[in-house]
Each structure stands twice: as C-alpha cells, then as structure tokens.
Amino acid sequence: MMDNGFEALWQSMGIANLVWGQAFMVLVGGLLMFLAIRKGFEPLLLLPIGFGCVLANVPVAGLADDAVGHLLLAKNPAHMAALADLLGTPIAALGDAVHHASGASVHAARALARDLGYEPGMLYQFYAVAIESGVAPLLIFMGVGALTDFSALIALPATLLLGAAAQFGIFFTLIGALALNVVPGFNFSLADASAIAIIGGADGPTAIFLASKLAPDLLGAIAVAAYSYMALVPIIQPPIMRALTTDAERRVEMMQLRPVSKLEKIMFPLTVLLLCLLFLPSAAPLIGMLTFGNLLRESGVVDRLSKSAQNEIINAVTIILGLSVGSKLQADKFLSVETLGILALGAIAFCVGTAAGVIMGKIMNRVSGGKVNPLIGAAGVSAVPMAARVVNKVGLESNHHNFLLMHAMGPNVAGVIGSAVAAGVLLAVVGS
Amino acid sequence: MMDNGFEALWQSMGIANLVWGQAFMVLVGGLLMFLAIRKGFEPLLLLPIGFGCVLANVPVAGLADDAVGHLLLAKNPAHMAALADLLGTPIAALGDAVHHASGASVHAARALARDLGYEPGMLYQFYAVAIESGVAPLLIFMGVGALTDFSALIALPATLLLGAAAQFGIFFTLIGALALNVVPGFNFSLADASAIAIIGGADGPTAIFLASKLAPDLLGAIAVAAYSYMALVPIIQPPIMRALTTDAERRVEMMQLRPVSKLEKIMFPLTVLLLCLLFLPSAAPLIGMLTFGNLLRESGVVDRLSKSAQNEIINAVTIILGLSVGSKLQADKFLSVETLGILALGAIAFCVGTAAGVIMGKIMNRVSGGKVNPLIGAAGVSAVPMAARVVNKVGLESNHHNFLLMHAMGPNVAGVIGSAVAAGVLLAVVGS
Amino acid sequence: MMDNGFEALWQSMGIANLVWGQAFMVLVGGLLMFLAIRKGFEPLLLLPIGFGCVLANVPVAGLADDAVGHLLLAKNPAHMAALADLLGTPIAALGDAVHHASGASVHAARALARDLGYEPGMLYQFYAVAIESGVAPLLIFMGVGALTDFSALIALPATLLLGAAAQFGIFFTLIGALALNVVPGFNFSLADASAIAIIGGADGPTAIFLASKLAPDLLGAIAVAAYSYMALVPIIQPPIMRALTTDAERRVEMMQLRPVSKLEKIMFPLTVLLLCLLFLPSAAPLIGMLTFGNLLRESGVVDRLSKSAQNEIINAVTIILGLSVGSKLQADKFLSVETLGILALGAIAFCVGTAAGVIMGKIMNRVSGGKVNPLIGAAGVSAVPMAARVVNKVGLESNHHNFLLMHAMGPNVAGVIGSAVAAGVLLAVVGS
Amino acid sequence: MDTGLVMQGVELMLLGMGIVFSFLAMLVFTLRGMSRLANLLDDRAADDSGPMPIQVADNRQLVAVIAAAIARYRSS
Amino acid sequence: MDTGLVMQGVELMLLGMGIVFSFLAMLVFTLRGMSRLANLLDDRAADDSGPMPIQVADNRQLVAVIAAAIARYRSS
Amino acid sequence: MDTGLVMQGVELMLLGMGIVFSFLAMLVFTLRGMSRLANLLDDRAADDSGPMPIQVADNRQLVAVIAAAIARYRSS
C-alpha cells in the first residue's frame, strides 16, 4: 500500500493538481474577501462568497462537485467505464459528456455515482439545499420584509413609479446581453440574458433566485456582480445623478411625509400580495415571502416570529447562501469570456437603471409642479438602504438643509417590489 | 414569441385562472389572519397558516403543488402524454388519475416530472421537509417540553387522571366521525376518523403529527380546527363548566401545592419516558421529544441547548410549520363537505373533553372528601395555558379569593401527556 | 379488529418486545445522562447522546431504523417476501441479508420499503440529515472556529509542534487496533482502525466526521469514547504529566506572550487555509469550516454571522447531532466485543497522545534552553479548553505563581488543527 | 437568427416595462384606496369602540408569575 | 358495513380510554414512587455530602478572563 | 495477512506523523512570515494612512434614526 501510498499522497496534494485557473480563482476569492473586510463591500455576502470561492477551487477535494464529479476525480477505471456506458460516450470524452448532459442523464449519472459510493462535496450539498431548491433567497426575502418599514411608500405611493422606471436598467441590459452575441465567444440564450439583466434590479436575493431558475451556470458571476455593484452604488450613482439634473432641481425640498397608521401598515403587505395574486402569480414566491415577512413585522402579534425572521433565520441562511454562491465560482466554469461580459453588462444595468429613475424623477417633478426632487428617482434601483443614503448625500451637497433620506426610502423599497415584479415577468415569459 | 407572449402573459395572470374556490379560500385565509391579528386567536400559528392558505391558492403559481402538479399546470402535450402513459390512463382523465394514484405510482410520477424539468412549489417543499417527515411537530413538542414546568403535576400526580378523562373527547369524536358516514358525502375511514378525533386532544403539534401519519389529506382542516378551538377555549368551556358544577363545588379552595425538588424535576421526564418505552412505544416520538425538551430545561447543565429549543428552534420551525399547514388549504382539496364535518366534530370534541374532565373532577371531589375543585378537570383538555387560565377565571367568579391557576396547571400539562398517549394508541392500532 | 386489536396492542407494547440488550442500552443511556448531569461530563453532547441512546432502544418503535427496518418490524408477509425477492435471499435470512447488504442493494431495498409505505424513524432521519451528509460536524467546527481565539498560537507558532506530537496518540492507536485483530472476535479493517484511532485526536466533531466517512457502524462507540475521555482529561492526564516531568521542569515559568495585531488574526485563518489547499486538500472540509468560522469572528465586519455561528447554529446542530449519535447506540449494533475494544483503545489513545505531547515539550525545553515548560505539551491533544486548564492546574501545584493557561492555549488549539490534519491524512490514504 | 433574438429582447423589454409600470401604477391607486379604507375603519373603530379582542388573561400579579414560564409559548 | 365501522370505533374507544387511563394511573403511582426515591437520594446526599462533581476550573480572576472566549463552548 | 495489516498500520503511522509534523512545521514558518508581513502592512498603513474605506453613511442623528430599522440588514 505505502509504495503507492506515497504516490497517492503526492497525487492527493494540492500543488500537484493545482491548475492556473484555480490559482487565479483563489486570488479572486481573496480579492472579494479583501473588498468585504477592508472596503466594507457588502461584507455579509461577499465574505462568505469569497471564502466559498476559495474552497470551491481547492484542487482534488471537489468540495463544489456533485457525486459524478467525485467519480471523475477518483479516476477508478471500472467506474469511469460504467459512467461512460451509461452516457453512451467514450471514456476519453467523459468530462465533456458530463458537462453537457441533459436533465434526465444527469439524474441517472448521479444515481450511478451514488450507488458506486461517491458522495457530493460539502459546498455542493449546501448549494443543492439552499439555492437549487430556491429556498434560501426566499427566506432572505422574508427577512428583508421583516426588516423593512414601508411607511414612506405608503405615505407617498406615487414613488412606486420611480421604482418602476429604474427597472428599465433590467430590460435595457437584456437587449444588451443579446446584442453581445455578435461578439465571438458569446452565446447567451434568452434565459441567460434575462438572468444577467436582473443584476439591474440591484437586489441580491432576487438576482440569485432568478439566476438559479433561468441560468444556474451563470449564477456565480451574476451574484458577484450584483453584490459588488450594490456596494459600489456610492461611486456609480452620483455622477449620473449630477449629470442629469440641474442644481435647481437638486435643491428641491419635499413636503414632510404624513404619518402612517398601524392599520395601513398591516393592510399594505396584504394589498401587495392580492395584486400579485391577481395579476402576476409568477412573482408570487418572491412577493409572497417579502409580504409575509412584512406582515409578521407589522401585525404586532407575532414578535417572536418576526424577530426570528429578522435575525436567526436570515443570519443562518446568509452563511449557507454565501458559501453556496461561492461554490459556483469554480475555475473551469467561471473563467470564461462570458463572465467578463456579465460584469460589463451589470455595470451598464446599474447606470441605465439609475438614469431611468432620475429621468422619471424629472418627469414627476414637472407633473407635480416642482414638488418632487428628481434625485430620489435614483433610489428606485433598490440597493436598500445604500441608494437612499446616496440620494441624501447628493441632495445635501446642493442644499445643506435638505434631508431627502426619508423621501428616498419610498422609491428605494419600491425598487425591491419593482425588481421582484420584473423577475416575475421574466419567469412567466422566459422561464416556462 | 411575443404574439403568444401576450397570450402567454394573459394566461399567466391570476384573474384569468382564478376559480371561485380559490377566491373563497383567499377569503378564508384572510379570515384566519384577521382572527389572529385582531382577535388574538393563536396568532403564532394562525397567522402563518392564513398566509400560507392565501399563497396556496394563488392561481397558476402552484406554490403548494408537487412536481407532478407543475407538469399538469404547464400543459405541455408531450409531457402530459408521457405521464398518462406512465399511469396507464387517457390524458383526459389525468387529473383524476394523479389525484387517486397510489404510493408507488406517485413516486414514479414525481420522478418522471422531475426528469422532465418540473420542480415542486415552495410551499410543497416546506410541507415535505417539515410535516411529511414528521420533524416539525416533533421539534415544536421538544420546545413545549423545554418551556413547560411540570412542578404542579409532580406535586399532585393524581391530577393526571383529570388529563386522562378529558381525552374522552377524542374517542367520542372518533365514533361521531364514523357515525357521520350515514350522511351522504361523508366517507371517513377509521384512519380519517382517528385523525379528526385528535382535535379533541387540544394540542396543535400532536394533531398535526397524527394527521400527517393517518390522513394527510385532512391535515389542513384538522390543524385549523384544532388551533381555532384552542383559541376559543375561553368561550367554549365556561358554560359547560358552570352547567356541570354546583356553586358550592366551584367555591372549593385547594391546599397549597408542596414544593418540588430539583431532583424530582430531573427524574420526571425520564420516568415518563421509561413508562412510555415499556408500555406504549408507539407514543415514543411525541413523548420522547417532549421529555427530551423538558430534560434539557431541568438538567440545568445545558442552558444553551434549552434556550435554543425554547426560542430559535421553535420559532423557525413554527414559521415553516404554519406555512406548510396553510399549503394544505388548497381550494380543490379543502372545499368539501368533509371539511364542514371536521369543523363540527372538532367543536364536539372540545365540548365532550371539557365535560369529561369536569365530571372526573367531580368524582375526585367526592373521593377526596371535597379537597378537589372539579373545575380544574376542564383544564385536562390541554390547550396550555389557556384552559388553566379559564379555570382560574371561572373559579374567581364564585370565590374571589380562590386562585386555581396553579392547581389547574397539573391537569393542564397532564392533558398534553394524555393526548400524546391517545395519539400513540391510535397510531398503534390504526396506523399500521 | 379488536380481537387482534388486543393482541396487536400487547404485541405493540415495549415489555413484550424488550430484549436484554435493549434494556442494557437503556441503562447505558441513563449512565451517560447521569455523568452529564451529575458529573458535568461534556453535558452539551453526552446528555443528548444518552437520551438518543434510550430512544434508539425503545422496542418496536424503530426510531433509529430506516424504512427497511420498519418493513422488517411490521412483519407483513407479502412485504417481507418482496424484500427477500429483491435481495435474493430466503425470508428466514432476511435480517442478516439486510445487515450485510452492499451499497446498491441498500438503496434498492430502501426504495422498495418507501414504495410500500414504510417511513424511516425520527432518529434515523436526524442521522441521515446531520451526520451521513457530514454537515453537522462541519457546522460545529465552524462554530468552534468562531469561538476560538488563536492569539496564543499566533504569538508562539512553535507550539504547533506540540500539537503535532500529541497526534502520535492517533497513529499509535491505529496500530493497536490492527494488532487487536489477533484476539478472536475482532476484525478491524484499516478504515475501522483509522476511525477508532481518531479518538486520540480528542476532538468531537473531527471524530464524528471521520467515523461517518470511514466506519459508520462504529460511530456510536467512537463518539461516546471521544466525549467521555475528553471529560475525563482532568483524571487521565495529570498522572502521566507528573510521571514524565521533573519538578524543576514543571516549575518553569514562561515569558509573557507578545500581543497579536488585528491584521494577524485576520490573516491567520487564510494562511492556514492556503497551506491546507496546497498540501492537504483532503482536510479541506474540516480546516475550511474551522478557518471560515474564525474569519467570521476576526474580520470584524460580519458580527451578525459570527454570533450566529457561535450561538444559534451551533446550539441547534448540537441538539440534532447528539440525538443522531445516540441513534447509533442500538443494542444489536453497539453491544459487541468490538465496542469494548474501542473503549480500551480510546483510553490508550488519550494516554499516548498526552505522553507524546509532554515528551515533545521536554525536547522543546532542551532546544529552547529551558524557556518552555514541558507540561504545556499535554494540551496538544486538543480537548479545548479542558486540557489547557489541566496544564494550568498541574503547573500551579509545583509553582504557585505560574499561570500556564495562556501558554497552554497555543498547543491546545494547535491540537485541533493537528487532529484535523491527521484526519485529512487518514481520509486521503484510507478513505478512497 | 441573432437579430431575431435581439428583436425578441426588444419585445420582451416593451412587454416587461409595460407590465412593471402597469402593475406598480395599479398599486399606486390600490394603496390610495387602501389608505382611505384604513382611515375609515380606524374612525369607525374609534366611534363605536367595537368588539374588543378576547381577554382572559387575569392581570393579577400571582397569575402572571405562575404562568410566566409556560405562557412564553402558547402553541401547544 | 357502516355499523361495523362504528362498532370498531366503539371498541377502539374502550381500548383507547382503557389504555390512556391505565397508563396515566400507572404514572400516578410511579411518580409517587419517584418522589419518594428523590427525597431519599436528596437526604442521603445531604448526609454524606457524597462525591462532588469534578471541578477543575480554577476560580481565579486571571483564568476566568483568559478562558472566557473559548470556554463559552466546550464541545470541541 | 494480519501482520500485513499491522505493517500497513506502521507505514501509515510513519506517513501520517511525517505529514502532520511537516504540515505543522511548515505552518510554523509560514505563520512567522505572516506576522512579519502583517507588521509591515500595519506600519505602512500607519505611515501613509492609506485609502480609507468608503464612507457614505451620514452620521447625523436624523439619518441614523430613520434608517435604523432598515439598516439593520443590508443584504437586499
């Protein structure tokens, strides 16, 4: 045993198996962690994602591989032959065949690998339970609902239109992704393009949920882009906001918001749910969990459950979700020109969404006779509460007594609903 | 695409697909939430159940449907044909065939639907993980054990007999359910009747656990009835208690309970478990988890775990359990004359259980030479701690210095054990 | 029905089915709980394990049995025949056949039992989710990482060598287990021996993780031995420490440790992970989760997640893990001469590990010119923080002003890394 | 083929933005109606001070102390 | 058939109530025995003040402070 | 056969202790390097007081109060 014990040991070492792509991805994971820790970029997600990225690229260990991946790693000739036989492919082409296998074949291959004693890696299990099932982003959305105060939106429902306008970033990017197919190396399907476009929703759980349904292979890049650009909102948005507005517009002070009654707050989630039920059932998982969380919060009779949704559940799920997203950053899948395209498209999505929100703000400014400060339109992209804070900051630059934060919270949370609605549309048209 | 895009969109809308049953069930869900929020009816369960009910009846979305249900919703002719082929039924009769498929066929149908790319809805996944597995009610029972102080019962073990007597509500209702079969439209099997009867146990997790084993189709109605009547205990019980007792009996003051030592409290859960092990192993899951939770509490050496069972775990599980129960309130399954029967039988169960408890209380009053206030028998139905509070209140009406709460806690927690025992009997005789 | 109802009832009773082995194991479970509650032996684990042990030995209930076990318990002739047919064995030999079935047959048998309506018991489900998947010990390791301050190790990295030396207990025991095969009744494979040896790592989650991969049948005995001996560290270690050191050596006072910067603490988990990635990827699940938890703690930007890993997650997982380990203490599997062998070998492992650590401490004492107190080598077995406290106590006996606790924390946490590394080696060489 | 896909994207954009705007515009009106309804209900409730929620919990000290442990969770 | 089912229900009721009562009555007696045993053990423990639980934690301030972080969880 | 297995165990012991020692010894050196690097970075950071993390949160009271509820979690 020990003769090939030493051999097996050397073969089991990381340095004997590390390929350049993995080394590069380890650096990428390190970069994400650096941004999270040193720069404060959405650390709750980017730290676990970065760490998961490193783990997913540990050579030989196959932490992010399913049982079939472990069969391939083990290189047992008899087992490889059995798998090749099942997939009807020569052993030499097994890697490719597994990569391109269709639904039913994948099922059969996994069953075979399991029967031969191979087990999926830890991160793959996290991914299957948390994301493939769709459960983790939905539970986080429930927590977001339980954490969000929709008062500003209830007091001024018209700001919903700003949240609607900002979703233009999504659909513009969708076309951009499809147009990118003229560049050799890109071959995005309508489903891929839709999943990429949702980055413009500036909402992490929505992006992960949609990507897991429409383009699981792109999920890693999409999630990383979404959270990175959300962290960059204070850098991306201000120039666009300043370019599209006059100083006079930025000075506009808005009327104080009316107080909102407890009953209104309770009826709000139910009203949103009802409209979703009647007109856009495909958005029901997202809108349903968001409004459920908010009802737990506002009902006032289930504080235990509300606190649980706001703390224990969302924290535990965030850890698993982050590691699971990181598991999608395996070198052989992540390192492609498509990833670069996704990062570029994501940036466009944020810029266009911001611009659309601000322009809608200008329209509302005109229509309302100057009562609306167009800056608050920029908060319509979501990225709660960062975008609203940016609005407040840019507003203060022009008028030192103008606190827009509260008014920006309206479009800000409207943006969350808006992107969930957009996700529902994409699921309904593209997903089936 | 877009020509049938608009068509697909319209077809994907809720209002184009909403059937009356679903609209009605949305109202039922709303009613449950109203009762929870405004009337304080067991909000921890009825709020999530009501919300889950609304979600389960969102048209098209199929949140509560398994993969087969989603295959049927998608209406892809090739896939429908494959399923019809598998079940050996014409496509036209597919809906019925799926509804009445037996265990093995259901497995095969689900595997087919999964292989064709269909996924179960969110609520169905919650149901499968939380209730079908039996895990959620058991974890809640662990939490109940960790939250319950059994001192009153240990100080006065004779009150266990009151908890025993009150279970008569269960078995009386069992016969009632079977007798109801003479009415056309009712066709309860012995298993159905047993599951319905457990409503009389006045214990939510026990009812859900038993119903999930014996009659999963009736689980929604059974759980709703159990929690609703538990909330109505202050209305249901007092008239029965007054009718069956004389004013003199209601005035009886009881001796102060002796203090209970720490060692007794530690030995109590182990003693109950041992008896269960020896004489009623079929009750072991319920009694086991109840006593485990109580031992975590009383041992004094694992406060971390005890707190976890009392808070984080029970809260998170309650959210998922509530939504899962709500998922069973789908219009096509819930709206039937059987549901009305279950609601009626549940009310009878509570009344008979209360009466039996009070009558046993009167017997103990005689036997003990007037030392027992018969009112405390009413607490034997469980519904902890509501029933004990009702006893206290009714007692105070007759004697302003007579605080029966502590004495009523004995039969109250005895009722929890009693209904778990009854559930064990039903599982042993009917379940196999 | 009722004629055989009474018969069924009697047959369903525990006392009619209790075999001596089960009664004995109930006592063993009681003993574990007694040690946990009265003697303070690792109560967080031994209390749930003991309770799980009792539950697993409830006759008839089959709480720790899979679906096949429930099929056998039900004794339905048609179903037994179907299973016998599947396994190609006569009905009479069914029990044995199931016991010795190989991977693929087990899968097929379980699928059959499930299709016939049998469900796995509660504890079996816990075991499958928590341990078979490997997830629970890894989540606990994440919590350990989030709870551990590695400063002492960073300040004095040389103490890692003490943690390395103490792992000799593992490999010595491995040989011992193989040598035990000369005794009739013992037949340990290399995988079995490796799983047993890891008891010497004195680290619960590592032992459970490795045993679940290499020798799931022995997991119960291994986990019980590991936690019991960890609790006995204050009794096992001092005599060995005193025997191997002179009074002068025990008096050695060590230089105060230098302070460690925040940046070092952040870089530490990443450094360890990187080395693991490069040289021992098979240890990546354990080392990965340990360092992830530690990074959550030290990064300072994700306090929510760090607290969650240190509290909610680890508590909930500990409950389920403890019960799951207990489920492996079923009489028919646990009561064998092999268990006695495992208990004996585990004690040897602790003693040898302690001795090796102390001897390494003496070597370092010489090499460093008397700056190292050899006692701290004993802490290298892990058993955090008990072993470090024992070092402190024994040190104080010889020199009343000599507080070694902080210096012992270095080898103590080094022991955790050391045994994870040893587990990685065993997995790499034996596991594949 | 490629332009066909881009055209599909343009159509999807029109459809999508149309639905997003319609949905949220509808929500604007519904929320206004909701607020009016809520005020109405609040006013009426203030007037006839309506049916109070069921109140069985005695507020006496004794009861509170004894029941505290169990009352923490009422799901059983 | 139907009356047959109802008769089964009646039998199940008799059986069920019988078991519930027997079980809980048995528990009444067992609990009394348990309490007596507990008192006995408590008394004896008070008399010979028996073997104390293992105590290795030094109570000194220093130790407590240093070990606090790790000691919070002893499962490793 | 049996001695063969024991011999395998001995070889595994040599291999295993070898790797454990090599790995942890390597870690000793790497950690020393790490500490030196960390001090270097810390010094340099102290010198040129480097690029500060992005700071957009206004510290004003008003902002803090309003945003408190939502800011508790920034993952959305």
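A, B, C, D, E and F are the chain letters, set down in written order, and residue numbers restart from 1 in every chain.
Criterion: a residue touches a chain if its C-beta (ideal position, glycine included) is under 8 Å from a C-beta of that chain, and two chains touch if they have at least 3 such contacts.
Just so we're clear, the structure is a prediction, and the values are computed from it rather than from any experiment.
Student: Counting hops between chains that touch, how far apart are subunit C and subunit F?
Tutor: 1
Student: Going by the average position of its CA atoms, which chain sits the greatest distance from subunit F?
Tutor: Centroid comparison gives B as the farthest chain from subunit F.
Student: Return the chain whose centre of C-alpha atoms lies at maximal distance from the corresponding centre of subunit A.
Tutor: In terms of C-alpha centroids, the chain at the greatest distance from subunit A is E.
Student: Quick one: subunit C and subunit E, Cα centre-to-centre, how many Å?
Tutor: 26
Student: Can you check how far apart subunit E and subunit F are, centre to centre, with Cα atoms defining each centre and the answer in Å?
Tutor: Spacing between the chain centres: roughly 44 Å.
Student: Find the geometric centre of each of subunit A and subunit E from their Cα atoms only, then give the gap between the two centres in Å, rounded to an integer.
Tutor: Chain centroid spacing, subunit A to subunit E, equals 48 Å.
Student: At least two partner chains per residue is the criterion; list those residues in subunit F.
Tutor: In subunit F, the residues touching two or more other chains are 8, 12, 15, 19, 73.
Student: List, in ascending order, every residue of subunit A touching at least 2 other chains.
Tutor: In subunit A, residues 1, 5, 9, 40, 44, 279-280, 304, 312, 318, 425, 429 touch at least two other chains, as defined above.
Student: Given the complex with subunit B, which residues does subunit A contribute to the contact?
Tutor: Answer in residue numbers: 103-104, 107, 133-135, 138, 142, 266, 270, 273-274, 276-282, 284-285, 288-289, 292, 295-296, 299-302, 304-305, 307-309, 312-313, 425, 428-429, 432.
Student: With touch defined as at the start, can you tell me which subunit C residues reach subunit B in the complex?
Tutor: 1, 5, 8-9, 12-15, 17-18, 26, 30, 33, 36-37, 40, 43-44, 47-48, 51, 54-55, 58-61, 63, 74, 114-117, 119, 121-122, 125, 311-312, 315-316, 318-319, 323
Student: Spell out the part of subunit B that touches subunit E in their complex, as residue ranges.
Tutor: Where subunit B meets subunit E, its residues are 153-154, 157-158, 160-161, 163-165, 167-168, 170-172, 174-175, 177-179, 181-182, 190, 193-194, 261, 263-264, 267-268, 271-272, 275, 279-280, 304, 414, 417-418, 421-422, 425-426, 429-430.
Student: Considering the complex alone, what residue numbers of subunit D touch subunit A?
Tutor: For this pair, the touching residues of subunit D are 2, 5-6, 8-10, 12-13, 15-17, 19-21, 23-28, 30-32, 34-35, 37-39, 41-42, 73.
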